[in-house]
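Dropping the structures in below, format is structure tokens.
After this come two complexes, each holding chain A, first together with chain B and then together with chain C.
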Partner chain A sequence: MPDLRIEATINGRKIARNAKPHLRLLDFLRDDLGHTGTKEGCGAGECGTCSVFVDGVLLKSCLVPAAKAQGTRIETVEGLAKAGELSVLQQAFHKAGASQCGYCIPGMVMAATAALRANPFADREEIKERLGGNICRCTGYQKIFDAVELARDVQNGRRPASALAEEDAADGAFIGVNVRRLDAPSKVSGALKYAGDMVMPHMLHMAVLRSPHAHARIVSIDTSEAEAMDGVEGVITAADVPGVDGFGVFVHDQPIMARGKVRYVGEQVAAVASEDPLIARRALSKIKVVYEPLPAVFDAHEAMKAGAAVLHDYAPDNIVKHIPIRVGDVAKGFAESDLIVEETYSTQQVEHAYLEPEAGLAYVDADGVVTILSPSQNITHHRHMLSRIIAQPINKVRFIMSPVGGGFGGKEDMVYQGMLALMAMKTRRPVRVVFTREESIITTAKRHPSHTTYKMGLTRDGRIKAVEIKMISDGGAYGMSTEGVMRKAAILAAGPYAIPNVKVDTYGIYTNNTPSGAFRSFGALQTQFATETHLDICAEKLGLDPFEIRRVNAMRDGASTHTKQALKSVSLTRALDAAEKAARWEPGVPNMRGATRGDLNGEGTRPSCTLGARLAAAASPKTSEVA
Partner chain B sequence: MAKKRGRGVAACWYGIARTATVDRAGAWAEIDDGGTAKIVTGVTEIGEGILTVLAQIAAQELGVRPQDVTIGDNDTARSPEAAHAGATRQTYMIGNAVALASRQARAALVDVLAKHWSVDNQSIKTAAGEAWAEGTNHKMPMSDAVHLAKARGVVPVGSASFGTDTTGLDPVDGSGRPWQAYVFGCQVAEVEVDTLTGEVQVLGIWAVHDVGRAVNPRGVEGQIEGGIVQALGQGLMEDYRTVNGHATTPNLAKYILPTSLDVPHVTSVILEDPDPLGPLGVKGIGEPAMIPTIPAVMNAIYDAVGVRITSLPATPEKVLEGIIARTAKRNINRVAAE
Partner chain C sequence: MLICDEYLTLASLDEAFDAMARHRGRCRIIAGATDTLPWAREGRAGDVEVPVLIDVARIPELNARRVDGTRVRLGAAVPIQRFLDDPALAKALPVMPQCAIWFADDQIRESATIGGNVINASPAADGTPPLIAHGARVELAAKRNGRIVRREMAVEDFLQGPGKTALESDELLVGLDCEALPGYGASFEKVGHRRSLVISVVCLAALVKLDATKQKIEDARLAIGGIGPVPQRLTEVESFLRAGPLTAERLEQAAEMPVALVASRSRQEYRREVVRGFVLRALMTAVRNAGGASLLAPELEAAYA
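Up next, the complex of A and B:
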């Protein structure tokens, strides 16, 4: 197909370009015109990071063919700041602390701009509705709503422009002051470059071949046809690794690319680099891998049984890690209890869903230093691991952490950086990889799913005499952070309560599922979900208020933890008191008081939501709202 | 009534920085020309706002302003090791390292000024871009102070490392000192459950968290609000599924995330119980903010409709199933009583 001719006005400037006919408007803006403020979070119309105005209409540019740009007037986030001055809305985002990682922010600013253009007096509920197509994984949205309301009021003259300014700090005491985020202007303006926005001269694009099997022996890999393809500059497999292959946060059980066998669907097997990302992707289909499927195991309990498929030779029982915690004698504690409550709890596998999919850029510099730029949460450890893998001294390996578009633990694993380094070494050219949303979801670590059996014994006054907790967790195909997650889960399992007899066991287990790894709250979320729910059940049975049962058992200053550590200061009872007061909690037994409570629907709650109602109301604007 | 409300509570605790191992972080500081400052450290921003936090800490410790601080970071070949970005360790580990390095850089400048004005080192004050000797008329902008230092052959630099006094766990009984700083928190949730559909809306969360000392209170709120909404996602809707190892939720159309319409109003209460071991008293907030949310919401669902959710997420189907089972049980009891 011949190139397209596109003539359009972009951010007030006329452009005339030839473009490849398969491009989306998003690609045209980013790759051909360098407007990388417009981001790709999903490529499927689900996240809103790619939002732009086309002839004044807010559109998701990942869904628009580039050809549609012909003859239009397009505004991107880069066009909002006039003459270098941030728009009122951008300033409001800065002031309100509405940006965190920033990856959703350009799209969010565009959607919010559209909201206030559509209705300059939109109230908070309408603003929420109008931002409903834009996902933010970091902020919880509240500061974004605050920002849009602030901008609305400044634009309408209800609040002075000074409301956007920095707060003063008395006497140079800046600790404890709401200093505006220093990186916010770069985020609200779209100027900040994430790894996938960066380019280098002579750069190649890398695509990754992935396993279609959950467990299979690799009989052979034939890359010759791919290598012979026009435009292919390099192909790599595990055979290209010069050093000791293996990475992982605790145990180095994962090869850079599958070695001898694959252990989960989506595992990386080979990679291709080309100047043209399309050629790189096409070449993947020319790599011939012969697999011999092996029996697989998809359930942690099954994997612990004798005769289950074994994933790693070093762990014939499929146990990644078992962490025990023991205090006192639980049998004695249960014997002394008036009430024993048993329950099981389970939690699911969860995706980090940071808005920035994995991306990185690697090159070998003039001094032979292998340099990897990526949104890695652990450049220190990655450098160590990579130096062994590529058999180079540590000072010949350099990791640079690019702006991270959300991590939450999911970017602690060195999933793709090793491949990038190998490819850069092999081709002697800069190489970039950008995962699709699907690749990001199916191949990177998740929050550990868990299955917990729980037994608690208490006396009539609510005092916990003993707890016995056993958690089995599916770690998936590789160790990643499983060991640490099991440790934190175990240490914190029984909650911040003084309990004389404690028995905790957490087990992380290998299976042929997508690996589990580090995720914000790291195991403690799973076990404390169980403990805090269990306490509610016990409070009901004992006729106690839920704050009361926690106060009765709360660790206090000088307490000894379940790992027998003495704590000087314990702020728990202060936290309980403050929460009870802030929420205007009406004391009582948690036995389905429901709507009979007097503390409902007060300050601190939002209106209950009926989808569409607010936009309908907004369609007939009340003139009385005009300031 | 088709819609029923309820409330629940849950508490939490968490350890700050790396677990059951010695944690450490390094930083360099320099008071630079024009009264500006350079801070260099190994690992920083993943969205939580640590760059701003470090600039605030450096500014206060050195006597400049946050906007005067340039932070060079995140490069294993150009900056000192600060380990990794996670484990709720950034403010604690790197913040404290930056404070210590800044104090050293400031001390070098103070030496020069004290000699210049013939006063005690202790009488020298620096704040927001100015240096002066207390109880005298001696005063100059930091830009002049740096100029003076350089004329005396001194570049005011400092470097420091902050480490923890922690141990591994005993392999048999788990005893040990996994962290030197702990935080505690508590959240209350108010929900509305639609008894016809099983849909749960979280309308309000009151979140109290001890952070040691809040360097940037708005940033702390941001962490609490963001953590709560991530937890709500796991509590109510998110569910990564595989069948025989193949993902059936491989995109954002299938893997459902909280949007602006799903979030509660969050009221944050910041509690400050300063850490006695670090130079600043700071602790952290990133991860603990998430922990009480799910059980508080599940307990609130029980309060509203009497359905005890022990397996996540509490999807409308699951909640509705619980409501139907309860009603059926009640009816059976009624029949039995008749």
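Up next, the complex of A and C:
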């Protein structure tokens, strides 16, 4: 099995190394050479966190076999800042606030560098197009484009270098002014280490065996062949849990690894650690699991029916949580209404798609403290849960929060930290796990898919007399944050509107789908989508302007919410005024304003995006020649 | 994950054929690797162990590009990005830059090869309809009895179904021989799930040559992908276009003609709608790019821009 011989120049330094023939340039740079500024967000060419220059050409290093690096000149993000001084582009990213979680930023800076090298005068459209292969989930891109335009102008002398310089926010003022992010330099330079970038001497790599079944009893797990493999340092299953197994943000219904049965496709069943990640992966196929498939349920409504498959013994009705809210008397409210509108709304499952896939590093320190470093969004809670699970006092459990490469709620669940702890305890060596993008998508929580039935009664002048809202949410196989999401969904369901009679029921239901959990807005989105859409429909039916119907019902200063929280001040009407103005809204009922509307398109709106900015630019001189 | 025991980077065709013979049945060809690496992942082929990978991307003959008068010869390993940045290619193959701009992204286009796109034989590949519109022929070679033997055939005949081509196991795709069509107005239409970095649902290449009066279509080339197992040339539409005057009505009639060809396995109705709109917009754009007048009603001009 001949290793590759790679002789190349990396950031101006010559290297000569042997490398495994199957490595990608990304692996070679990160794992063999320690250039961890180049990230792996997807491994499939989709995200651009891995962009590097090879002989001056920007490539996605996850799609480049390492062998192709032979004899080339490579530049990584680490090579952009000369002698520790950030490049103009990096300074511009810092100045413009163009970094948040930072995980996409090294790749973004590389793509921006490539864009300005290719065309130092590229306009915003062309910049957008040239950055088209790089995804950012945090910034919304505008600040990134601002940064590239700023760097372009400084490089071309159209703006002074001082435009990049540090400007201090006026004495201690932080609200309403641009404040430089302290962590931006470490992000734009690629220096910041995320969990998957960290290494320790003697470290093992962990790979995870996952369930191919949505619902099945585990008859047996035989790990002997995997354990016997050369290079395998440890194998763990649920049997290795010393304490009380079970984690979850509210209900501790999820075992560290499947115990007795699997409840969704992708659930972790066993894990292997080895010094060589390839051996760890290969060993997975040597673990023999015998499953006995069970009837599964994939729809929340089905799961609520009598006789449906039951996921957890403790919840024979498959209900994770039901949150009811009762205010006044809805029957009376509907009786007083001139119009009753009923509709159903549904929303789909959504993946967070943070650019940093789950990763963590665990070790047992010299004092026997089990230490887990990971981008967990909830380390204190994790620490308490893990202490019970591994039967160690709390002072023997330590969680370190590594930089979070995007979370959006998706990193609240202790999905893999328990496995890491068990493996570190079993092998007494540092252990690292890095999920692939596919693993991240298959196994971690999603936004709850929901189905809402909505009934609203209003008087002719648009006043809401009663609402009845019932939302059924698919919580998937484990509880995770479902309870909290159902609470928030219920509390905010009827919106910021003063309504005398309210009946809300939200249900989180177990199914054999991927678990649902926390995701930006935490349940509010699902019910708010229903409420706001419903109001638009009611406004049309009543012949009212949609802003008007909201103003009529808006909570005002001193209002009390549907769950009796006193609100000293309510900014809703101000927000409505501002939105109406910004949208240049033409007052009236949307469906009765005739064929032509003045408030569509124009300033403040953007045409749908298209490609070809540089083709158009190349063609335009021709047009002017003709003319 | 793509796992191999040996990775060979070959410097000549001869060496490549020898390596292929030596490792027959246990090797795989790599050019840009942009199809192969993502294929060897969970959800698709999973972990794939191939004893020997044979990288042909550096073989000089596979990188040659030559434009002479009426023909263009493209080495199989020419990266898609060259259609954007090589003015000679852009002039001789007018639809290629437009295809390239919609193809993956700047970075992948530097790796992705035109030959890999053809061999991959995806029904929705973006590279094949433009090649077919340019009357491209594949040049295949193998080493048999110590001699390099070559054959060629039209791209339409070479592509046999999703992932299936007429390539023999001992053969390499060496190059593509295309008709140069300078002066043709071109248009490439593509729809996918999003704008950037996306595989086509349907894609269409159109080339139009107008006569001196700019009132009549002298020649038209149309090829479409994504509506069936292989891309196809729309010869009936082409003859219809050549047969009459250039009017908006006739372009609309032309756009109706291929709708019935939609035979893809999913979303037929949607694809039919797309095909109608595509052919019309592609023809209008190609006519305009060929120096003809805009045939769009003014209120549609912006929408179709």
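The working rule: the second predicted complex is superposed on the first by the 599 of 627 C-alpha atoms of A that agree within 3 Å, B and C clash if a C-alpha of one lies under 4 Å from a C-alpha of the other, contacts with A are read in each partner's own complex, and residues count from 1 in each chain.
In this text, contacts are C-beta pairs under 8 Å (C-beta built on N, C-alpha and C of every residue); 3 or more make two chains touch, one makes a residue touch a chain.
As the structure is a computational prediction, the values presented were derived from the model and not from experiment.
Partner contacting the larger number of chain A residues, of chain B and chain C: B.
By the touch criterion stated above, A:Gln565 is placed in contact with chain B alone, chain C being left untouched. Judged by the touch definition given at the top, the superposed model places A:Cys62 against chain C, while chain B stays out of reach.
Legend: residue contacts after superposition of the two complexes on their common chain; A:Ala578 is shown touching chain B, with no touch to chain C.
In the superposition on chain A, A:Gly457 contacts neither chain B nor chain C.
Within the superposed three-chain model, A:Thr533 lies in touch with chain B and out of touch with chain C [touch as defined at top].
Within the superposed three-chain model, A:Lys488 lies in touch with chain B and out of touch with chain C [touch as defined at top].
Once the two complexes are laid over each other on the shared chain, residue contacts for A:Pro106 go to neither chain B nor chain C. In the overlay built on the shared chain, the residue A:Pro255 is in contact with neither chain B nor chain C.
By the touch criterion stated above, A:Ala44 is placed in contact with chain B and with chain C alike. Applying the stated touch rule to the two superposed structures, the overlap between the chain B and chain C interfaces on chain A comprises residues 44, 46, 129, 132-133, 438, 442, 609, 611.
Contact residues on chain C toward chain A in their complex (touch as defined above): 1-7, 9, 30, 32-34, 37-38, 41-43, 47, 53, 55, 57, 84, 97-98, 101-102, 104-108, 110-111, 195-197.
Here chain A touches chain C in the complex through residues 1-2, 4, 21-22, 24, 43-46, 48, 51, 57-60, 62-65, 67-68, 70, 111, 114, 129-130, 132-133, 278, 281, 436, 438-439, 442, 609-612, 614-615, going by the rule given at the top.
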